[in-house]
Amino acid sequence: MVDLTRIMDDEVFMAFASYATIILSKMMLMSATTAFYRMTRKVFANPEDCVTFGKGENAKKYLRTDDRVERVRRAHLNDLENIVPFLGIGLLYSLSGPDLSTAILHFRLFVGARIYHTISYLTPLPQPNRGLSFFIGYGVTLSMAYRLLKNKLYL
Amino acid sequence: MVDLTRIMDDEVFMAFASYATIILSKMMLMSATTAFYRMTRKVFANPEDCVTFGKGENAKKYLRTDDRVERVRRAHLNDLENIVPFLGIGLLYSLSGPDLSTAILHFRLFVGARIYHTISYLTPLPQPNRGLSFFIGYGVTLSMAYRLLKNKLYL
Amino acid sequence: MVDLTRIMDDEVFMAFASYATIILSKMMLMSATTAFYRMTRKVFANPEDCVTFGKGENAKKYLRTDDRVERVRRAHLNDLENIVPFLGIGLLYSLSGPDLSTAILHFRLFVGARIYHTISYLTPLPQPNRGLSFFIGYGVTLSMAYRLLKNKLYL
């Protein structure tokens, strides 16, 4: 039997596991941030969520949208759209035997860029802060996809 | 050559594969549910979708939003936001050699909580049903992330 | 130590890696397409994005929605909702030792159907082009889930 625990002895794979876990945990923080703004600003999407603030017609006024909440939700969706390709392509890239230092450079750049993207989106910082951090993460993922397909294409 | 079919002899990995497949299939049901409500309630987002119900100006009245459809779409997006971290972190956690019964407890709690979350969202049940089931799933994923980073951090 | 680079000697896994990378790269194109339409049509979601087109009240008129942009965003979200289950279930299916030609048939059908789905959505082609391509991709993923659970269920 393959001793699966040994997969984690592979340094590239261990590095991928660490960076992927960190960026996924950061993405999960977006749910908590949305919940925080919804509670403190009393902005809800579902009637059953605002029952504690009033009954009937009185509760309906909390069913609204709010710039701050929508901003966090856009940042969250952008995370999903970018972290999913990173996870899929990054996992396969890690298994394709890349150079350790090249791989770690990719992972660090991606995680750094996505954290900076969130900061730029939520502060918000003036453009091109958010745009640049988006394109760095985007480029890193495409670079891994390119290396993967160049070496291992099998259709 | 590594006999990959043997990866499935690892019990933790097999359990992860089963629970991940079940929860992803449940998530896919949300697409079907959205389609069902769109057809039965005649609520569409694209002009080409309502051609069968009328032409020209007559068709435009079906381009609208509907509480029921929006509720399913919010539940679907919430699934995506929570199942993606579970998949990524759960896969890496499964490969990091956890205790079998601890791992299965994590998987069962997550899958149970997410199924209950969907029921709470679509019925809808009064709060805190949905809130609690959300936080159980959230906590399970963070617990796996914590164990992974504690044992295997490599930056 | 397990030589991880050898995982890529497994033909099913290599095929999965290639098709998954291709479809994820396609999905990433949707971000670029959204950005393209936002710039050329001057339609933005964030005040800081339209500063170059005017200051103060003058900039606010670019904070709007646009049919074309919303269409790309819906196609992107539909991609996410369908490619995430394909990635998770497809990875586990690839590791469960399926027949090579059956596996490749699944991957090809899925990737072809999703590319046609995007074309149908963005052109847009009349229904049932988009509906059919959606259901082919959906069916392929469910077929892999069924085979996985039939052979390897462990709860």
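Per-chain residue numbering starts at 1, and chain names A, B and C are given in the order in which the chains are listed.
Following the convention adopted for this analysis, a residue touches a chain if its C-beta (ideal position, glycine included) is under 8 Å from a C-beta of that chain, and two chains touch if they have at least 3 such contacts.
Because the structure is a prediction, the values reported are computed rather than measured.
Common neighbours of chain A and chain C, by the contact definition above: B. At the interface between chain A and chain B, under half of the residue numbers appear on both sides, which makes the contact a different-residue one. Chain centres here are Cα averages; for chain A and chain B they lie 16 Å apart.
Multi-chain contact residues of chain A (touching two or more other chains) are listed as 2, 7, 77, 80, 84, 87, 91. Interface residues of chain A, counted against chain C in their complex, comprise 2-3, 6-7, 9-10, 12-13, 71, 74, 77, 80-82, 84-85, 87-89, 91-92, 94-97, 121, 124-127, 130, 134, 138, 141-142, 145, 148-149, 152-155. By the touch rule above, chain C contacts chain A in their complex via residues 1-2, 4-5, 7-8, 11, 14-15, 17-22, 24-25, 27-28, 30-31, 45-46, 48-49, 51-52, 76-77, 80, 83-84, 87, 91.
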